[in-house]
Each structure stands twice: as structure tokens, then as C-alpha cells.
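Should a chain be cited, it is by its letter among A, B, C and D, assigned in written order, with residues numbered from 1 in that chain.
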Amino acid sequence: MARIGVFVCHCGENIASTVDTAEVVCASAQIPGVVLSIDYKYMCSDPGQNLIREAIGDRHLTGVVVAACSPRMHEPTFRRACADAGLNPYRCEMANIREHCSWVHDKSSDATAKAVDLVRMRVEKVKRNCSLFPIKVPVTKSALVIGGGIAGIQASLDIANAGHKVILVERDPSIGGHMAQLSETFPTLDCSQCILTPRMVEVAQNPNITLYTYSEVESLTGFIGNFKVRIRKRARGVDEKLCTGCGVCTQKCTSRKIPSEFNTGLGHRNAMYVPFPQAVPNKPVIDRSRCTYYLKGKCKLCEKICPAKAVRLDQEDQIVEADVGAVVVATGYDVKGADFFPEYGYGKFPDVITGLQFERLASASGPTLGKIKRPSDGKTPETVVFIACAGSRDPAKGIAYCSKICCMYTAKHAMLYRHKVHEGKAYVFYMDIRAGGKMYEEFVRRAIEEDEVRYVRGRVSRVYERNGILVVNGVDTLLGARPLEIEADLVVLASAMVAQKDAESLAQKLRISYDRDRFLSEAHPKLRPVEMNTAGIFVAGACQAPKDIPETVAQASGAASKVIGLFSRDELSREPVVARVGRNAAPLFSSCMGCFLCESACPYQAIEREEIRSRDGSLLKTVARVNEGVCQGCGTCVALCRSKSIDLDGFSHEQVFAELLAV
Amino acid sequence: MPSFEPRIIAFVCNWCTYAGADLTGTSRIKYAPNVRIVRLPCTGRIDFMVLLQALGQGADGVMVSGCHPGDCHYTSGNYHARRRWILFRRLLDFLGVDVRRTCFSWVSAAEGAKWAEVVNEFVASVRVLGPHDDFPKRLGNCGNEWLLAADKANSVGPLAAPAMSVAASDARKTMRGVHSQSVQVEP
Amino acid sequence: MRMGFFPGCSLEGSAREYAESLRAIAPLLEWELEELPDWNCCGATAAHCLNHTLGLALPARILALAESAGLEELLVPCSACYNRLAATRQELQQNVELRPKISQVIEMELAGRTNVVHVINALTRAANNGLATKLKEPFRHKVACYYGCYLTRPLSTASCKRAEDPQEMDDVMRAIGAEPIDWAFKVECCGAGLSVTRVDLVAELSGRIIDDAVQRGAEAIIVACPMCHSNLDLRRGAIQRNRRRRYSIPVLYVTQAVGLALGLDRQALGVHRHFVPVRLPEVSCAARAALTREDVVHGEREL
Amino acid sequence: MSGSRSGSLDGSGLSARIHHFTNESVLECYQCGKCSAGCPLARDMDFPPSYLLRMLQLGMPVLDEQVLASLSIWLCLTCEACVARCPKEVGLPRIMDFLRQESLKLGKVNPKAKEILAFHRSFLDSVRRTGRLHEVGLIARYKMRTLHLLQDVLAAPKMMARGKLRLMPPRGAGKSDVRKIFHRTSAADPTVTQPLSSSDPQRCREEQS
């Protein structure tokens, strides 16, 4: 038999002034199953809570209803009070007679009547509450970091330095990502590689970090604290243990003149190559799509000349499996080419290049060793036109959003150019200058005032070639939209930042959501910026939205600290409000008939398939099972279930109906 | 008939509309006292049965309100709710219930004023429709059965009434069984 | 194949050589041109500048005529006419309220069954079905294909795709043995409507076009629009004064070039009607290089 | 038709009327200036395209006046280069059409646009009379309207010699129908086509008063 106690709070005058609390007390006393009904001025105060604690002890209550403020306000308080007195906290419910009654109605019998109804509903519900216990799941204290750019590097180091194991997976032959390609970084102009490469080396040397380069995540299963990951280690063609990185093979390789990805096509590499000198690991890979041996079946020169005998032409992809407790996604961004802009002639004129290509031209380790030479004839350009928003903020042809970093890197490019070519003229066509950030505005002003970069407010309509010179048709909207024609030797397009080509497939692999621009979407745009809506998966860097380096690193450390926080416990305990599938005695086993509507409805992929087998192991039926580690308790499956085999703890059918019938 | 005061039951999600209604309170915006709110984790949790029961037991109107599209705390529950709602209205229409007795709205946690508006408008419109009595007779009281079966299973308090199929009540019983086992995982 | 034919006003006057050359090559390409009976002016720029409804009604009548004549395709040589017809067709298809209003104005029903086809598209089709095999004297010259505005814009109705660098006319030229150059003013405006009222502006705009074509060694400019032609040809004097330079480069209608390649007589093609005399170098060196052996053999077989 | 696009374009302002009649929203322009950069005539306009849009965006009566009285709207060749490259796909050509008609209705036509307007009218006159354009007639009317009697006189004989001048107006074209069309459409606004005598802008103004 249920023994329910009802505790009516006056909340000073807040409730009592509109609702006749005495009346509420009397009325509740009449409800079957209610053994105690009292009121007090401030239930949430210590004496108030003591009333409850004592009552639970003395009257052996099986359920408590506190008629007071919103449960969103004090439910935790009163549940704690119950727990103190040895009553399962989930047997305590609140009737919201303040926010939903006394504050929104005038003093009247109606208000009181409503209050009584609310209490009765709660009582009927709480009668059917049952003891729930926080769900405990173990935690594997090892993290998977996907992507070896600055975000992935930072996150890995932070987690590893906190004493946890990290598996870092990078698709390219080396870690470093886009940052390794950059020349200098704004607003400080310190050399990108000088600050990045030490971190890369740290990653290689940190005993807690297992590095898989030239590898990709094949699949991820499981749930927070208990993921299983399969990693495809693509065949390098080289035994990394034996290889000393002497580089003989890369120099002698016979398949040459392959446009280098790292140098954005401005330089060349061989089929056997290390993407760049500071690569980590500094071990070559064989590009099988270009290697003579794989194409024609002969050569094997590298194999012959390798002093360490490390070349393995017959090597095959390996699958590595690992258990991890958390995942950090740091897959970074892609640069949108500019070929969708026929009017700018990218791809048609060799001297129209993207921002990233300019980075390589300006980089000391680049194809021109840091000398600004134009691709067509290697001549030093006397006039360079930089076009901002070449793709960004262009819903018609490009992308609707602002890529955020272009204003700054364009200013940087113009500045670098002026530093390297003193007599050169630099024009920047811009729409707005978005320089929000520490020392950013100052940086742009410096470009304009000290380095005399000529900023023109307006967009370029088209770029064409007139006897060997690029003619830029622009406009200055600050001069009454007067058209300008500038003859340039080099045109640099501030190309947009877009999501990785395969962002979607990755997101689906990891069961995380992404937005219409294919950037991964965080759990809450403001309050949960590094969490994904799938528990245990975190995000860092430009795979979530365009970001510059400082922001990326900050977010990476944020994600890392979330992971570390997760790893600080041996097991996770979660609110026990989860769905579960009913089971019956044989021969029914479960009223679930395995339609798996729930599976398709569940936003968290918490529904698993469970096979029920007889003793001899033959399959009797396949039913749904809720993974309570993953379930967030929304109850969508419950409403959808045809056979009503799924129910939601804390909001079960009977509880809801009971509440309803009490109205 | 001005004397008539409709009884309306609202099913709201915990994260948006319930919080929104709280805000209505904290900002002391007054509205009609005719509504009784049933709090659920998400509009996705609301199934036909509950709504039918509400109308079945003689509620004059039923409201469902949750997060705006795209804001669902559980990412997609409200979309499921919306889809099901469209069907539900058809069903009601088929059953001969005036669909004007139902109201679906998006009220976010920040829209305290809107909640008051929605309630007042709906109450007013239902007041015009007059009391809702014919339907309950026809539909009967499906909810009771759920409950009583379950209660029988758990020997919860009074409210004695006809028992329903044993199978279902078994379902409940064994459900509890599994339930308690799986929760005893404390160290 | 049977095609409806809408010449348009200027082909009856200042651009009659366009009409003549088109009519001349049609039989060789197996086009049965069926001139639209009782057609009217499309209203050109003037109509839609001054009165939206009029700007729609005039082309609408033409479309309706074609439809009632049961024509599936209406061949239009003038780019401006094409632009008006295509635009009207689209607007009436998209804007449902408008259709009854217009058909009430023109007192004719209009379903938009007839497709509007520009000569360029018809020629591209021909080029893809063995136009090359019909050649008598391959047109071996470096040519600058000038598309102007109305062939490439608005994008939704344009007869040539790739707004910034269309290829349709270039393909036709290649098919007749010419060597189209890559140049920068393919789709820049020639001054069109201002031909009479603001000669100064026309001279400036058309000047840039001619100059670039010459700079890049074109021997002829090929056009498919009467307005472009009159601005580049008839206004040559003004252009030369404006740029203080002589330009002898002739401007040919695409149909004339094709006609010449098909071995038709210059008179028949109305080549003599141009202001700038059409004097083309024997066979341009570049093209001679391109002239391959089987071409010669093939040429003989033809003769 | 209206309302489907962004912007609070209700009201009686010019931009509101533009939105209502063309369904183009001037508020969508973010003033990058690409249209002005690519416009073949921007240099010769009193207000380049993007500048014109800016004036419309502010929705001040003074600026609306200036827009309607501008030369730009008459210089525009509707070559569509602007919209073809516009990142926001603002339909400038349609807007220009509307502005011309509006400026004509309200008698705000810029005096410098006299010739252009005269040409358009002569053109339509010719079409109304014969159903098709009669170039000789057009030029004749145009000269009458503008009194540029000597312009192009040298071209005439050359054209004659090349058989490009067709003295006789075209016959048999659907004159009557076209007349009707003109009648019905210009019933909407009488200022569109007018008898030879009127010299334009002034006349419009009188009509207003």
C-alpha cells in the first residue's frame, strides 16, 4: 500500500497570498493513499526539509509530494532531503503551485482548485513511482583523437600529459595539418612551423600517445566510456620500425614531377615521398597511384637501395582495433577552390592563386624558399591584388557564411608581400574588415598605415588577361562606387574555408550531427561548445566551424579537459531516466515483435538488437534492447512502440495515465 | 454560454514549454486557470493513447507544446511529435472529434508571454465550442485499463476496477522484474 | 527538319544579310524554315523599358502564333529577340497569375508549348551531326567569337551556358575548320540599345571589343546578333575616331561563315553588304598548320 | 507575389513598390559593389548600380526622388552582367525596368535621357503603326523628336547602297492585333507611347500638374 506525504509550501506570501494553502492541505488529505498532509512557510528551508525527513522516518512514507515551486528549481533539494531520510529520491515529486499557479492567477477558488488538482495529479503519479538508481557505466581511460592538425595535436598532448593514453589517427603521411603549410601567423607574425614542429615532435615522443599516420577510422561502435574503434592503417610500403628516414629512396625514386599536395601544386614530389622535411613521422610513403612498380610492375629501385632494407612493396593495409572511453574529432577544414568563379579566371590564368598557395610562396620552406615569385614565369610581381571573400559570403556561387579568417590572413599576406618586395604595390579588395580578436584590428591598421597596403572597399567583378598582364576590374564603393581597373602581376583569392569533403560520411560513422554546411554541430551553440550530442564525443577546431589558430587551440584544450574530466572517474553515473524494453517469461520472452521502429526513431542510436536463443542456441526472436549507457530518456521510442513494449522510467505509461486520470 | 469554463489538459516538454511556463510565472503574467499541465521529458514521448485518454475522460481541450523545430533538447523528438500530430488530427477527425479542441504549439523556454497568449487564446476558442461530452461516451476510458492492470500488478493503492488481459499485466510484472535486476549494479 | 522561323524586324532591314545567309545555308543543313505568318516585333528593349505588360504581350503574341501553327521549335536568329521571347516564356511559365492577364491582352491562348531556339543552338546541333562532312572550303581563319549579352544572360534562359566563357559558337567555328581564339571580351556588352542615341558610348564599348580581338590576332569577328553587328560594323567609323586607330577586321554573321565554308557564293550570303569590307587572308598560317593530310583528301572527295 | 522575400518592405516607399511589382528586395544587397565594377556603363552613370541600390535601401524620399530623376536608369542596357555576377542575385535589370516606368509615370525623367526616351518612344510608335519595326520610320521619328536632323546623314546613302534601307514600311504584319495590344497595355499608363508632337520630359511634368 502506498503511503504518501504531501508537503504544501507557502513560499512566504508567494503562494499563500493567492492559493488557500490550508484548503490544499485538507483536500490532499482526502486523496486515497495520502497518510500525511501538512504545510509550512518555507519548505525549502532547513526546518522545512526536516519536516520531510522526519515524516519519512516516522510515517514510513513510500512517496513524497512537495507542493511548492517549479521542480526545475528545487526538485534536487527535496530529492536530496528524501535520500537523507532513506527514501529513494525518485519517489519524490513536486507539484508546481507557484510558477504554474499562484504567480499566474489571481486569488480565487479557481487558483486553489488548480493547486489541489496539481497535487492530486502528483500524488497519483508518485504512488506509481518506483525506486530508481543512478546508472553506472565503466570508463575506459584511453582517448581517440581523429585528425593530427594543430587541434588534434593540442588535444592529444593535453590528454596525454594528464596521464591518459591517447590514440591519434591522421589520414596524411604526417601530422601537422594546414598549420604546417602556413608561412607566418597573424597577428604576431611568428613562423608557423617554428611554433608547430616542436609540438609535433612532442607528440612523437610522448609515451602516452600512439600515433597512426596514413590511417583512417574505419568504424566506431559503443557508447560513452566504452567505445570500440577500428582503424585502417594504409600500407606505407615501408616498415616504420626499420626505416631510419635517411631519405635515399625518396631522392632516387624514378616516378618524379608529381604535384605536391603539401605545396598546393606549386612544387613537386616523387612517388616515394615525405610530404615535408619536418614531417612526423619522418618516414616516407609510396603513392601507389603514381609508383612505376605498382603501375608497370617493374622498378623496385627503392627496395634495392634502401640501406635499412625497410621497403615493403608487398605490404598490405592493416586493421587495428582499440577500446577507448572518449573521442575527440579534430578533422579540420578544406580550402574551397576558386574554379567556381569563372569571372576570376582561377585555373585559367596561372597567376591567379588561392590564399593557401600564397602561404606556400611566402613560406621559407616553400617551393620558392620564401621568395614571392609568380607561378607563370617566376618573375617577382610588382603589383599584387588580393581579393577578399572569394567564395565566402556568396550565396549565389560560393558559400553563404563568413570564413572568419580571411580578413586577417589577407592582411597578413599583403603585409608579408610588402616586407619581401619593398617597391611592390599591394591592393586588397574587401567588403568588410572583420578583425575581432586580440591585437587583430591593430594588425590590420598596421598593414594599412605602416606597410601602406592599399585597401579598396569593393568587390572585383572580373579578372582577365591583356597581353600577359592580369587586368582586375574592381570598384571603390567609398568613391561613389567608381569602377577601378588595376593591372596586376599576381592575383590572390582569399578562398573560403569549407568542411572536409568526407565530413558527412565521418559524421555518420561516428553518429554525430552536422549542419547544412557539413560542419559538425556541437551539443549547444553556447553552453556546450565542445561536446557533441552523442555523449563521450567531443569536437575541436575547424571541423566544427571556421576558426583561427588561437580559437582552435583553445577549443582543443577545452575538449581535452572534458575528456580528462570524464576520465577522472572510474565509472559514470547517469540520471536513471531511461527507456527499457519489457521482458516476459517464456514462451513470449518479450512483447517486442522486433519492428525496430524505435531504432529508426532514436536520436542517439541507443536501440540495440538482442537475439533471444533457446538452450540449443537456435534463434527464437530478435528484440530491441535499450543501451542505458547511451539512452538520454527522451521517450520518443516509447510513444512510437506499436506493442507498447518500451517504457520510460520516471515517465512510464502508468505514471502518465495516473496523473491524467487524477485531473 | 459564458458560464462554461473548459477543462484543458496540456502535455508539454520539460525543456522548452515547461520552462517557458515557469518563466510566465516568474514574470507574473496572468492567464486563464483552466489548464492542467502534464510534464514529460519531450513531446516525442507523447503518444495517441494519452491524448485520446484525455479527451476520453472528458477534457474539453488538449494542448501539446514543445521546443521549436531545431531546438529539441533531444535533437529530433519534436519532429516526431509534429509528424504524429498530423496523423492524430486525422484520426480525431475520423472519430468525429472537433479538431479545434486540440492545439499544437512551439513555446521555447524564453517565451513566457507566448505561453500565456497560447493558453488564453485556446481557452477562449474552446469556451466558444462549449462543453465536450458526446465523445467520452463513444471512446470509453482506455486509460483506466492500463492503469488498473498496472496497479493490480504493483498493488498500488485503491481505485479498484475491472482487470484487463492477464498477458499485459504480466508484461508489467516481469518488466518490473527485469527493471530491478538491472538497476542493482551498485558496487 | 521542320522549324518555325521568326526573323525579327532588323533582319528585314539593316541585318538583311543575316537573313539571306541563314536562308541560304538552311537547305544544306536540311532545315525547312517555316516563317511565322503575320509575326510582329518583339518590342526589344524599348517595350520592357517603358511598359512591363507591353514588354510581355508583344513576345507573347509571337509565341502564341507559333503555338497555334503547331510548331515545336521556333528558330530565332536575333539574340535580342531570342532574349525577349525566352524571358517572356519563362516569366509566363513561372508566374501563373500573369498568364490569363496576358492572353486576354493578346486575345490568344498560350501554353508555352513551343521552344525558342537560337540559331547558335541549331548550328551546334548541326555541328554535332556531321556538319564537317558537308564542307567545301573549310573556313580556315583565326576568328574571335563574340557572344555579347543576350546569348549568355540571363543565365536561366541563356542559349549559351558557361556565362563567362561560352563555347557554343567556338564549337561551330571549329566544326567548319576555323580556329577560335581565346579572348577577353566574348561576353562584354557592345552598347546595344544606345546604337543611335549615344554613339559615343557605343564607340567606347565596342572599341574595347574590337581592339582585344585584333590584339590577339583574330582575322574576323563572328557574331550572332544584328545589334552587335551594327555596333561593330556600321559604327566602325565612330570606333576608329574614338580610339584614334584604324581597324580593318571584318565582322561576319555566324551563318555567313558557315555559308562560306559550305562553299556558297559571297553575294548569296550578303557578305558585300557590310560596311567593313570582308577581306580575309588566303589561309591563315596558324590554320594551315592545323590543316592535316586527310583533310586534303577529304576535300578532294568532296569536290 | 510580394512578401516571399526578406526585408520589411511594406509601406509606400520606392523600395516597397519595387518589392511589390518585381519581387526584388533591395535590402538583399550588401553593397559589395560587384555590379558597379562589372557594369559597362558605370563610369558614365550619375549613380553606379550599387550606389543606386544604396539610395533605395535608405528609403528616404529625397533619395528616392534622385533615383527616379537619375540618368543611370536610362543608360542601363539590361546587359544583365550585374545580376549574372551578383553574389546575392539581386535582380537589378528588373528593378531598372521598374524604375524607368516609374520615373516616366511620375514625370521625373532626367533631361539628359531625352534622346534615349525619344528613341524608345519612336521605336514603339513605329511598332504600333506597322506591327513591326520600320527602321527608316524609326530614325525619321527619332530625328523629329530630338531635332538631331544631321546625325548619321552620311550613313544613310551607304546603307542605301548596301540595300540595308527599306523605305517602304512592312506590309500585312498583324497591325490590327498589335494596335489592340498597344491600346490595352498603354491603357494602364498613357505616358508610354505618345504622338510625335510631344517632347517628352516636360510633357510628363505637365500631365502631373
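In the analysis below, a residue touches a chain if its C-beta (ideal position, glycine included) is under 8 Å from a C-beta of that chain, and two chains touch if they have at least 3 such contacts.
Note that the coordinates shown come from a computational prediction; the quantities given were computed from them, not determined experimentally.
S.K.: If you tally contacting C-beta pairs, which pair wins, A-D or C-D?
M.R.: So, comparing the two chain pairs, more contacts are at C-D.
S.K.: If we define chain centres by averaging CA atoms, which chain lands farthest from chain D? Would you check?
M.R.: Measuring from the centre of chain D, the most distant chain centre belongs to B.
S.K.: Could you work out how far the Cα centre of chain B sits from that of chain D, in whole Å?
M.R.: That gives a centre separation of 62 Å.
S.K.: Quick check: how many Å separate the C-alpha centres of chain B and chain C?
M.R.: The mean C-alpha positions of chain B and chain C differ by 69 Å.
S.K.: Using mean C-alpha positions as chain centres, tell me how far chain A is from chain D in Å, no decimals.
M.R.: 54
S.K.: Cα centroid separation between chain C and chain D, in whole Å?
M.R.: About 24 Å, centre to centre.
S.K.: I need the residues of chain C touching at least two other chains; which ones are they?
M.R.: Correct list: 163.
S.K.: Send over the residues of chain D in touch with two or more other chains.
M.R.: 81
S.K.: At which residue positions does chain B touch at least two other chains?
M.R.: In chain B, nothing touches at least two other chains.
S.K.: Touching pairs of chains, which are they?
M.R.: A-B, A-C, A-D, C-D
S.K.: Within the complex, which stretch of chain C touches chain D?
M.R.: It comes out as residues 9-10, 12-16, 38-41, 43-55, 57-58, 61, 95, 97, 105-107, 149, 152-155, 163, 187-189, 191-194, 196-199, 201, 205, 234, 272-275.
S.K.: Would you mind writing out the residues of chain D in touch with chain A in their complex?
M.R.: Of all residues in chain D, those touching chain A are 30-39, 42-43, 47-51, 54, 81, 85-89.
S.K.: Show me the residue ranges of chain A that touch chain B in the complex, using the header's touch definition.
M.R.: Result: residues 1-2, 32-33, 70-73, 96, 98-101, 103-106, 108, 110-111, 113-114, 117-118, 121, 127-128, 130-133, 135-136, 513, 533, 576-577, 580, 582-585, 588, 591, 601, 603-604, 628, 632-636, 638-640, 645, 647-651, 653-654, 656-661, 663 of chain A touch chain B.
S.K.: What does chain A use to touch chain D in their complex?
M.R.: Listed in rising order, the residues of chain A that touch chain D are 343, 389, 393-398, 431, 457-462, 473-477, 480-484.
S.K.: Can you list the chain A residues touching chain C in their complex?
M.R.: Interface residues on chain A, with respect to chain C: 342-343, 348, 462, 464-467, 471.
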